[in-house]
């Protein structure tokens, strides 16, 4: 029987930083709670937040369940996490700088050349080009889980365009609107500076050719995209234009947007669209979403693209294994955050171990996301395991395996009242001239009893995440 | 040898295009064996965009032509002094790791037939000898025949057909070399041909194979040789599309018609 | 602002105005069907379809013009691009795209209308009175219009919203009048009859101008007075002159804000000046239908110029 770390209780006694929340729930009658829950849902629907987190697709008008019970971190816990996350963000960017330059880490034999140079996400066309300030990944989303008081593990890094930050902001907004007293009684670090910090981060990496106040825009695939709400929400809060590919065009050395007053130059492009779709001239000739000639302007230093094309090579699940190595190699430090031990099914020895222990492991596709194409051994039937075994054997390179982690739980409102449910955490680290982390993040919660899968497509919800002031 | 190049491409649209964007890889590589005496690229009504040297050492120049536009002419005129380097690419500054060129693309993917072809060179210890053998095998397997294949023909299809042009030879050699674990890439450029082999096109393509200790070595299976003083190298890529001298897109409802004229001549000395 | 954003704002307004016109037309239809039926009620509903420019689409879908089908077609049917539901749906889609260019109140008003519409669609039709649907539409349109007026920043976006409203309104007023003259009235001998007057009065109702008209003119309702009211009277909010005045005002604001000469402003002012110089006699002399057809064309030309100059994205 696995025991799970309960973030609120320790041997039946409430931890000090959750004490006020305990009083709060005790004082709240069931009817009031139901009323508040309905109110929260109505608010979400009215604001129009109906989108799938992490690009899971599905019904565009779907609401992700919001759990009103906040998750709490102490200042001490957070400062440890913060240092670890920033360290990781620095190492990942140093890695990107390196592998698109001289590739010292490969030459030093610390990571196999094959994993880097033959990786589908490695973008040959940007070799030799260093983006402004040497930053490739301007928003690093680090997915974390907790297994003990001091034990945090990184599940994966998201160096391209991590989504879900609008939930962090909206969850807080709604909690403050519905329970102002909680924010008077607890000293909770604010998160609402995120959009302004993001804008400053983006402006700080404007290209050298930009003379004055840089014009930043947010590029969305369009209003049919499941994350469109988030794109428009962020653009609005940053006070920048939300553009689609057709709003932009290249002329001469620069990128412009089509406005009612004629062409207006764009200096920084915060794109929420994959590499493959940004420039049909360079990547997919069939893409209608892209801006022809953009990559030439970019590589000639006329515009900055955030995240930099090619940044995806750092958040590959196979490259993930080497992030602690990156921390040591580039920063000369010991990693502050643990990686989850990972077996590469592509390696013969690892594959043997994985196949022999399927019922205890979590197996994932290398390029999968959203909780699809994965096996949670301890929660699967014999038939499911047998079926998955066949898939792994057919294409071992495509899978990695990790031990089933005993994800921590936090109290969650469920039909029967309050019960512990498993959670993870995605904070958003900003990398520009400076590295910044807003105290908070997106907590996802597996609402089904016993479930370890927090993805919204698999019955997951979200919570407000508090970091208490000292 | 001093070669002159005149390469004119004319784009015509039946309905005016809203705008035209191009990316050129039209400048001779900076490497041993070729020295540019004169080189001018013009685009009618074009605005020159950013220019830079990419990781593979190629000089890339962007161009835009604001619309509405019905006709655009891209003209390349120049003189280059060349010398024979026995096919070896020397003095060429590039940063891209050779391992990148082990990746296959849609047109260079090896099917069982290409893999079988590559296997015929198994057992040859020296990578250089092996590359030569592969080039010979490709030349034997695919006869030079213009018109048998088209721009999108894959290496596997050309091999099955047994006929093709320089692009198909290069793709097949690249595919086979990659199967054999040798990084290989597509090179586009110009070729001077004398009267006897006049059916060869002046806009030419061949392959380069990475040979440890020696570097990139050119192979031209279509002519069963390695590039020499008759060749001018422009740039490289994973396949023909990736290495294209001109890549462009016109936005608009019109249909594009293309006319290309290339002449490479040797200057009397 | 982005040309596409301006375009979306402009279309939000056009669709909302169109939805409102459609609801007014339904009201006209409902009233006309209460008339003593001299020539069967089929014709009246037919003419309503003609007036809304949807007769072709309807005929493809239904064999007979039954009142219930027509109501459904004009209100709910998404196959009909001009139905109230289509218009509100498209207005909301445009609004969703430019969510950031709208105030929370405006978005809320549009989104709420859309959500309520979804609920109406799920309600059994026999529990929905036509009058309730009409009132609902007018009410929503007014709330949206009001929230635009009271909360939107008076920037260029506000101008594009208003241009959409005025252009659509002028087009609708012109078409409604034209339809009255040539379609609503089944036979020439009815001109000047009680039937004719009743229908003119109905037209006034369709433009929500019934009481205003009486305040302005008094006495008997005549075609002359109505033409004067709906075309030339600057007091009437839906008259062509009022619409043109609004269009010119917003184009002037844009010209000033952008600090560059504007061709749409020139075109609009020329059209407005010509209109103001006209008398109702001259219009009737030209022929009301001929005049209205000419106006509709010129207004369409003006929207074309506005599109080229501001919305297409090709402006240099």
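Each chain carries a letter (A, B and C) given by its place in the written order, and its residues are counted from 1.
FYI, a contact is a pair of C-beta atoms (placed from the backbone, for glycine too) under 8 Å apart; a residue touches a chain by one contact, two chains touch by 3 or more.
For clarity, every value in this text was computed on a predicted model and none was experimentally measured.
Trainee: When all chain pairs are ranked by how many C-beta pairs they have in contact, which pair ranks first?
Mentor: Greatest count of contact pairs is found between chains A-B.
Trainee: Please indicate the chain closest to the centre of the assembly, with centres calculated from CA atoms only.
Mentor: That would be A.
Trainee: Quick one: report the Å distance separating chain A from chain B, using the average Cα coordinate of each chain.
Mentor: Chain centroid spacing, chain A to chain B, equals 41 Å.
Trainee: Report the inter-centroid distance (CA atoms only) between chain B and chain C in whole Å.
Mentor: 61
Trainee: Please report how many Å separate the Cα centroid of chain A from that of chain C, as a whole number.
Mentor: Between these chains, centre-to-centre, one finds 47 Å.
Trainee: Note the residues in chain C that touch 2 or more other chains, in rising order.
Mentor: In chain C, the residues touching two or more other chains are 314.
Trainee: If a residue has to touch 2 or more other chains to count, which residues of chain A qualify?
Mentor: Counting only residues that touch two or more other chains, chain A contributes none.
Trainee: Tell me, which parts of chain C touch chain A in their complex?
Mentor: Where chain C meets chain A, its residues are 1-6, 93, 96-97, 99-100, 107-108, 111-112, 115, 156, 160, 254, 258, 260, 310-311, 313-316.
Trainee: Which residues of chain B touch chain A once you look at their complex with the stated criterion?
Mentor: For chain B paired with chain A, touching residues are 19, 21-23, 47-56, 60, 62, 64, 66, 95-97, 99-100, 102-103, 238, 241, 247-249, 251.
Trainee: If we count contacts the way the header does, which residues on chain A are in touch with chain C in the complex?
Mentor: Result: residues 45-46, 48, 223, 228-229, 232-233, 235-236, 241-244, 246-247, 257-263 of chain A touch chain C.
Trainee: Using the touch definition up top, name the residues of chain A that touch chain B in the complex.
Mentor: Residues 100-103, 106, 113-114, 116-118, 120, 122, 124-129, 249-253, 280-282, 285, 292-293, 295-297, 299-302.
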